[in-house]
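Each of the next two complexes has chain A plus one other chain: chain B in the first, chain C in the second.
The block that comes next holds the complex of A and B.
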């Protein structure tokens, strides 16, 4: 049978999914064991025991200086910044994209502007954000907002343009004015697209968050990673990276579930 | 309504439509009385759909004017003219019931486009009644993507009719349907046309459909063709054929009846 016609069955599929992860873990722990056997003080590839100890120290033991559980505090601060950034960007991006994609009079001034703005590398203007908004929470949230809003807005503008003209005409023959047309036809069509777009920019949002935290912060997942780098504390960095990956994956999964539950019509309408 | 207005419900005077140097329609003159069922036929690219878009207000003629009940046609689509397209006629994000109720909601609530409480219930009841009439009473809670093509077009027709438009524009509404389903749709459409005082324009590629449904057949064709400049001349209405005089006459008699008598009669199909 040709390779292109061969499909894995359920069990086989699960195995194939898990295989690369297992191989990766195996390679890591073999490497780690070898290095530690040579030099028990090696820091580069910590063993599972060392990482568990580090997590236990940060997540389940009070910090002696502040009395906080650092791991959870870092997580909470980071998620707060990320959530605010994503929320504001989603709202602004939706409004801009809907306006530019639906109203020709607003598309003319907005579309080229958004295209140019989305070319500005957000990290390059991070110093400006620190100067303008100070070193507090605002500048970190703003970096995320500035980084992903143009992408969201441009995507949604495109999606709004893809709504068949027939539907917009039909709504007008049903008595819609511009505002109710946007509210009842364009907006519902864009909301599921917004969730998809958010899933796609999740990676960039995390990137901007970690970057902002690394440079100026007193807590947060990115801050901790860059702080312990000075001590080559790989036993902290690796679990943190895994934790961030897990959080990002869960957010992606969550957005997908919300889209599926809130917009059951969407999958069928694509066909 | 005076007799003169009655005869010239829609008055098309010397209408031209051209895009850049491509002339699509030229010198169109037409007078349509209320309640006619006009079928528009012709080769592809002969301006049938363009003419429909002009009537809809989606486009404005380059020259000439169109009068609707004595007044110039509004330059944009509105609730006085309903439309059914071949595709994308219904809202995928609304249930069958809400697809029809949305018309009532949009008109009654210009701020939110949405009704609440009693008003919403009434709108939905009205929508459900119409949907039952077009044979969708069993599918009120479904999404359009769960319906067959024929059912979707029934929905699109119900959606247009809930607005009680005086003009219904159909752009190849049954073009994508199986022949059997198409027959059912013809029956439904004639039923509705008989029952409601409605002027219908229907673009079709199916000549038989054009002949059997209409009370008037309009053939679009290009009488002049310059082989060196195929876009220089546009299409005109080359044949204007009255059809189905029996149905026309029935309709006229029915229209003559005093309103209170007409209202009490179940119109014959």
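The block that comes next holds the complex of A and C.
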């Protein structure tokens, strides 16, 4: 049988799914055991026991100095920043994208501007952002907003252009004015697309969040990682990275479920 | 099913690949890393002028001198075994490689900060006591943090009385321009930049705690023990540059000028940084510093600070967890776990002209 026509059966498929993860874990723990055998104090590749101890210390023991549970406090402040950043970016991106994609009079000034803005690397203009937004919570949220809004807006503008003209004409013959048209035809079309676009920019949003927390902060997942890096505490960094990956994956899954439940017709329309 | 066999093959391959990097005792090729700082620019000069190569050749070895842009990363790379030596401060030598179980030796004591690190508050005529209740931006857990802690002791304050905000050194100068930032603790050349802002006061600096923030060339103790020539070549190259750069001659000026350029400033700027750095131009001065009883006392203070901030690792039960050895058989901390050694014997050879 040709390779292209060979499909793994159920058990084989599960095995193939798990194989790369198992290999990664295996390589890690072999490397870790090797380094620890040579130097019991090695910090670079901590063992599972060391990581469990670190998680226990950060997540389930009160911090001696502040009396907080650092892990949960970090998670909470990071998620708050990320949620606000994503929320604002989604709202602004939706408005801009809808305006630029539907109204030719607004498309002329907005479209090229968004294209140019989306090319500016936000991390390169950090000093300017500090001066405009200060160093507090606002600047961290704004870094996420500035980083992902242009991408969202450009994507939604394209999707708005892809709405069949027949639909728009039909609505107009039925007496819809511009406002009704945007609210009743364009917006419902764009909402599921917005959720998909959000899923795609989740990775960038996390990147900007961690960068913002590394610069000036007193808590947050990115803050902790950059702080303990100062003494190479990989036993803290590795669980934090796994936790961030898990959170990002859950958020992606959540957005997909929302899209499926709220806009079941969207998946159907594509098929 | 072919997958299981593939799996075990791959696994075996990986195991072999990982176990190969066992350390070789005797070797001919070495590499050391350094980062940009007033007191470490001589390494740049020593490499660019071929001085390291010359000394390495004398002892029939190769030494590669690599510049790293990120200070903490350079120490992490050294700790992970990528380099045989690296430039770092006394505190970082204790908290990163030594606390990480990598037995390290301070081969060359290059200088100590004598004003290169400082605490700056916005506003005129401020004092250390004004720090109470203020947010202070600094690179947390760095020598800046240590300097601040020492300053607070003088003002009868503690870290609980203020809020420390971790801020990346790369963004310190830009951060100082914002309204949120009231006070910073940082090092040169950032400190000079921040002090130049109108209406600010420098309330404390490292010249008030002389000899506590020490800049070193740290090498792996095992590598040094098996290859004394590596230590001799590095030390020889260092003191040749020291002699050149401290000379009041056209060559000395040219050397300082090239170091200034490499560190991104001009001769005047570099010389003002050197003025805040107590360089040990002569090997005998460095040996005297290493032999003085003040050094073990300083390191005990640094160990105490590090332990209080959790820098010695969670396994550490006390500030004594990591042992340190000094000249004349003096040692502090756990004697069965000596991981940081101040060994002036190579500098002594340079002082005796026997390299």
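The rule we apply is simple: the second predicted complex is superposed on the first by the 270 of 271 C-alpha atoms of A that agree within 3 Å, B and C clash if a C-alpha of one lies under 4 Å from a C-alpha of the other, contacts with A are read in each partner's own complex, and residues count from 1 in each chain.
By our rule, a contact is a pair of C-beta atoms (placed from the backbone, for glycine too) under 8 Å apart; a residue touches a chain by one contact, two chains touch by 3 or more.
Bear in mind the structure is a predicted one, so any value in this text is a computation, not a measurement.
Look at A:175: by the touch rule set out above, it reaches chain B but stays clear of chain C.
Within the superposed three-chain arrangement, the count of touched residues of chain A is higher for C, of the candidates chain B and chain C.
By the touch criterion defined above, A:189 reaches chain B but does not reach chain C. By the document's definition of touching, of the two partners only chain C reaches A:131; chain B does not.
When the two complexes are overlaid on their common chain A, residue A:105 makes contact with neither chain B nor chain C. Residue contacts after overlaying the shared chain place A:119 against neither chain B nor chain C. Of the two partner chains placed by superposition, A:4 touches none, neither chain B nor chain C.
Chain B makes touch with chain A in their complex at residues 56, 58, 76-79, 81-83, 85, 87-94, 102-103, 105-107, 109-114, 143-146, 159-160, 163, 165. Across the complex, chain A is touched by residues 1, 3, 7, 10-11, 14-15, 18-19, 22-23, 72, 76, 79-80, 95-96, 99-102, 137, 139-142, 163-168, 171, 174-175, 177-181, 311, 313-315 of chain C.
Across the complex, chain B is touched by residues 164, 166-167, 169-177, 179-181, 183-185, 188-189, 263-266, 268-269, 271 of chain A. Considering their complex, residues 12, 15-16, 19, 22-23, 26-27, 30-31, 34, 38-44, 53-54, 57, 126-127, 130-131, 134-136, 214-218, 223, 226-227, 229-233 of chain A touch chain C.
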